[in-house]
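Encoded as C-alpha cells, here's the structure I'll be asking about.
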Amino acid sequence: MTASAQPIRVTVWGENVHERQDRGVVELYPDGMHTVVAAGIAEHLGGRALVRTATLDQPGQGLPPEVLEETDVLTWWGHIAHDQVDDELVRRVCERVNRGMGLLMLHSGHYSKVFRTLMGTSCNLKWRSEGERELVWTVDPSHPITEGVPEVFAIDAQEMYCELFDIPPPDELVFISSFAGGEVFRSGCCFTRGRGRIFYFSPGDQEYPVYYHPVVRRILANGVTWAYRSDGVRPESYQSANAQPGWIDEVVRPASP
Amino acid sequence: MTASAQPIRVTVWGENVHERQDRGVVELYPDGMHTVVAAGIAEHLGGRALVRTATLDQPGQGLPPEVLEETDVLTWWGHIAHDQVDDELVRRVCERVNRGMGLLMLHSGHYSKVFRTLMGTSCNLKWRSEGERELVWTVDPSHPITEGVPEVFAIDAQEMYCELFDIPPPDELVFISSFAGGEVFRSGCCFTRGRGRIFYFSPGDQEYPVYYHPVVRRILANGVTWAYRSDGVRPESYQSANAQPGWIDEVVRPASP
Amino acid sequence: MTASAQPIRVTVWGENVHERQDRGVVELYPDGMHTVVAAGIAEHLGGRALVRTATLDQPGQGLPPEVLEETDVLTWWGHIAHDQVDDELVRRVCERVNRGMGLLMLHSGHYSKVFRTLMGTSCNLKWRSEGERELVWTVDPSHPITEGVPEVFAIDAQEMYCELFDIPPPDELVFISSFAGGEVFRSGCCFTRGRGRIFYFSPGDQEYPVYYHPVVRRILANGVTWAYRSDGVRPESYQSANAQPGWIDEVVRPASP
Amino acid sequence: MTASAQPIRVTVWGENVHERQDRGVVELYPDGMHTVVAAGIAEHLGGRALVRTATLDQPGQGLPPEVLEETDVLTWWGHIAHDQVDDELVRRVCERVNRGMGLLMLHSGHYSKVFRTLMGTSCNLKWRSEGERELVWTVDPSHPITEGVPEVFAIDAQEMYCELFDIPPPDELVFISSFAGGEVFRSGCCFTRGRGRIFYFSPGDQEYPVYYHPVVRRILANGVTWAYRSDGVRPESYQSANAQPGWIDEVVRPASP
C-alpha cells in the first residue's frame, strides 16, 4: 500500500480477430481494440503504469511465460476465438490470478475459458446488438473503481447485455446498466480468487466506439489500480501443508516486537 | 429448520393514513393497504402462518409490547407519518429484530426510522410518481425468495424509484428493477442484523394496485418464510460478558457426544 | 417456499475407501461413513426427507444419470480417491448444482474435483491429524443453518484444518473453528453457483467419530433444508440467448394481474 | 485513484482518559495512545499522509467542525468515556463517513456510539483481560489491508475478545484472531456506509503495548490508505430527489464522448 517506485506492469490482451476481418470494426479500431484500451489506461495512469499489448496471433498466443510472469494486471478481451485459446494458457492465467495478478475481464470476455474457469458457472447472458443507449449507474459509491465517475453516464450506442447473467454473486457490485428495452445488467462486478482481484466490466462491444468514451477509460484505469497489489504476485500458489505441533511458534517469532 | 407445528405469527403493520384521506387510495385500498398485504401473505402460506394487522392509530401505535412480543415476522409500510412513530417503539422494533424477529420493509418504508436505524445510512433515493411500468428482474436465482418467481415480471403502473439508493451493500441482492426512463433500482435486498433477517422490497406505492399483483404477493409470502426462524426469537439481546478462563469447558460440556 | 407434500430427495455420496481398508476407520464406521451421515440427516428430517446413499464402487460411481437426476440435495465425502472420480461425473454434478441441486461438501471434500471446479481456486489448506479438540463457533446467528445450534460446541477429537483456506470469500460465513494449537478455520461456508446452494462444512475426519456428534448431525440436517429449493431443479442450465426487441412484452404478459 | 499531490489528512482521535489516570497505562503510553497510533501511521505513510491527533478533552471534544471537515480518514479509540461523547458529534462523524470520510475503529471503539450507530446492532462481545497471546490470521489475502502482512502473526499479550461479536456480516472479513482459551474473534472487518469505508480492527488494549507492534502499525497504515478516497468527501449527504421525466438526459449529456 505504501508509495512504490515500481510502475504497474499492465498487459492488455486482445483477441484481435474482428479487427482484421470485419469492415466496421476495422474502421472503428484500425490498430485493434487492444491499442485503444491500452491508450485509455495509459492516459489516466501516466508514469504509474507500464502498459503493453498482446494478441492471440503472437507467439505463445501473446502470453508466453516470460510475458505473463512480468504482468501485474492483465486485461482480457475476446469473443469469436474463445475456443482457440490453449487450455494450458487458461490454466496459467487462472493460476497467476490466484497468486495475485489482477484481472480485468472485458465485455464478451464473460464467456472466455478463463472467466468461466474462475467463476464456476456458465457465465451465460442475454444479448442484442442494435446500437442502443446504455446507461451505467453507480450503485456502490464507496468503491475505489467509482472515484471520479459520475453517478450515471450514457454510452450512446452499445450492444445490449441482459440478466440473468449467470455468475456467482459478486463480492462487490459496482455498476448496473439499463438499456432501451428495459433490460438491466450487472455491468461492473468485483470478485477475488486467492490473492487475485478480478473486475468484470461489460461495456465495450467491437461494433461501437465504447473504448474511446472518457468515462469508460477512467473506469478501466481505476480498475487497474484497484486490481494491482503493491506487494507483488507470489512465486507459487497456496499449497496444502502438514502443520506439525509448534509450527506457529516458528512462524510468528520474527514478527514479534 | 425441522418441521414445526407452530404457525408463523405475522404482523402486518400499516401507517394507514393515505387510505383514509386520499380519494384515489381509498378507492384502491378501501380497507387499507395492510389488509391487502395480509391477504396476499395468507393466500400463499395458508395454515403455515397466522396473519394479523396493526395500524398507527391503534393503542401503542399498533405494536404494544404484547403484540410485538408475539410477532415472529413483522411487515412495515409507512410514508407520510414516519415522524409520528414513537422513538421508543422504533427502539423496541430494532431490538426485537436483533433478537431474531424477521422484518419485511416495504416500499416507502425505506425512509422509516426503523429502517434508517438498522442500516446506519440515509436510505435516500430518487423518485417520480407517474404511473410508469416497472420491470422486476431476478438477479440471484439461488435465493429462497425467488422460488416460483419468474425471471422478469412487469408491474404496469408504479412509482419510479431510482439509484443512488443510499443503503449499505445488501448481503444478498435479489431483485433489480428498471423503469420507463431508463432508471434502475435495487428493489429486493436482504440484510441481517443480529439474529434477525430483513428483506427490503420496493414495489408497492399507495397510488397503484401493486399489492394485488400475483407475483408481488408470492414474493411477500416468500419473504415471510425466509425471514422466519424456527428456533424463535431470543428473550434478550446479545450482551457483553466477561468470560473467565475455563468458561468454554462449562459451556460445551452438555453438547459433547 | 410454501409447504410441499414432496419429500426432499437426498443422496449421501461416500468415497467408501478408508472404511474398507483402514482398521481404525472400519471400527468407527463399519457400514461406511455415508450410512452414518445419512442416518444423521434422517434422524432430524424424518418424513421431510427421503435419504439414500451412493458410493464410488457402485455402477456409474454411484451417481449414474438416473440417480443424480432424482437428487434434490447431494452430500459428498471423499479423500483418498478424488482422482478416481470421472471428469464426466464431475461435469454432471457441477452442472446440476448450477441448475438448482443443493450440495453439502464435507471435510476433505474441499479438495474434490467437484468443489475445486465450482470454486475456481486451489482449495488448499493446512492440516494435522492428532486428535485435538475442535471448537466450532457460530459467527452468523441469523443463518438458517444455525437454528438450534449452540453458540459454541466442542468436538473432542478431530483432525486440525487451518487457514489460509484458499477459497473465494464465502457468500455467508456461518462457523469458525479453533484448534488446540491456536489455529483457526472457516469451517462452515455458504456459496451459490447458478441456482444451486453449496454448504461446505469441515468437521468429519474418517479417524474420529465426528458424524455421531449430535450437533454435527443437526447441522447436516439444517444444511440439507437450507440447500433444498422447493421449486425444483431446472431441466437445463441457463443458456445465452439473442433477445430481440419486444421480447420482454412476450415474457411478462402472463404475469400481469 | 490517480496519483495525487494531496496528502491524506488523517486525524487520530483518542479518548485519552486511561492514559492520565491508570498507572500501568501511563507507563506504556506516557504521551497517550493516540500519539503512538499516529506515529505508527506516519512511519509507514511518510509524506503521503498528514497526521494529527485529537482528544476528548480538547475544545469541541477534539473534533470541532473545522477539524472534522479537514479530515479524510479518522481513527477512533475510546473505552471508558463512550457516554461522554456528545450526540451531536456522533451525528456529525457518522454523517461525514456517509459523505466519504474513511474511518478506522479501533479495539474497544466497537462499543462507541459512532460504531453502534453505523452498524445498527449492539456490537457486544465477550472479553477477558489476562494478557494472553493473540494470533491474528489473514483470511482474505486479496485484500489491500493485508499487503505486506504475514499470514499469521502473534501479539504476545493482549485482551481477549470473543464471538459472538454482534455486528452485521462484514462486507469483507480480513482477519480472524484466536486466543489461548480457544476463543476466536473476527478481528479485522470492513464495512461501507454511503461513500465511506470503515475498517474495524480489534488489537489494541490500553494495558498492553500493542500499538508498538510493527505488524499492527503496518495494518493501521494499510487501513488508512484503503479507507482514503482520492476524489474527496462530498460536501453533503445523498438527498432524496424528485426526478422528473428527462432528468437523465440533462445529467448524462456532459459525459458523452
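We call the chains A, B, C and D, going by the order they appear; numbering starts again at 1 in every chain.
One rule holds for everything that comes next: a residue touches a chain if its C-beta (ideal position, glycine included) is under 8 Å from a C-beta of that chain, and two chains touch if they have at least 3 such contacts.
Please read these numbers as outputs of a predicted model, since none were measured by experiment.
Undergrad: By the touch rule set out at the top, what is the minimum number of steps from chain B to chain D?
TA: Minimum step count, chain B to chain D: 1.
Undergrad: Based on the averaged CA atom positions, which chain is farthest from chain D?
TA: Result for the farthest chain: C.
Undergrad: List the centre-to-centre spacing of chain B and chain C in whole Å, with centres computed as mean CA coordinates.
TA: 30
Undergrad: Find the geometric centre of each of chain C and chain D from their Cα atoms only, then give the gap between the two centres in Å, rounded to an integer.
TA: 37
Undergrad: Considering chain A alone, which of its residues make contact with at least two other chains?
TA: 135, 140-141, 151-152, 164, 169, 171-172, 182-183, 192-194, 248
Undergrad: Provide the residue numbers of chain D that touch chain C in the complex, in ascending order.
TA: Those in contact with chain C are residues 133, 135, 137-141, 151-152, 163-165, 169, 172-173, 176-178, 180, 182-184, 186.
Undergrad: Give the list of chain C residues in touch with chain B in this complex.
TA: 1-3, 44-46, 48, 100, 135, 140-145, 147-148, 150-154, 156, 171-172, 192-197, 209, 212-215, 221-222, 225-226, 229-231, 248, 251-252, 255-257
Undergrad: Flag every residue of chain A that touches chain C in the complex, lowest number first.
TA: Contact set of chain A toward chain C: 94, 98, 111, 117-122, 124-128, 130, 160, 162, 164, 166, 168-169, 171, 181-183, 191-194, 237-248.
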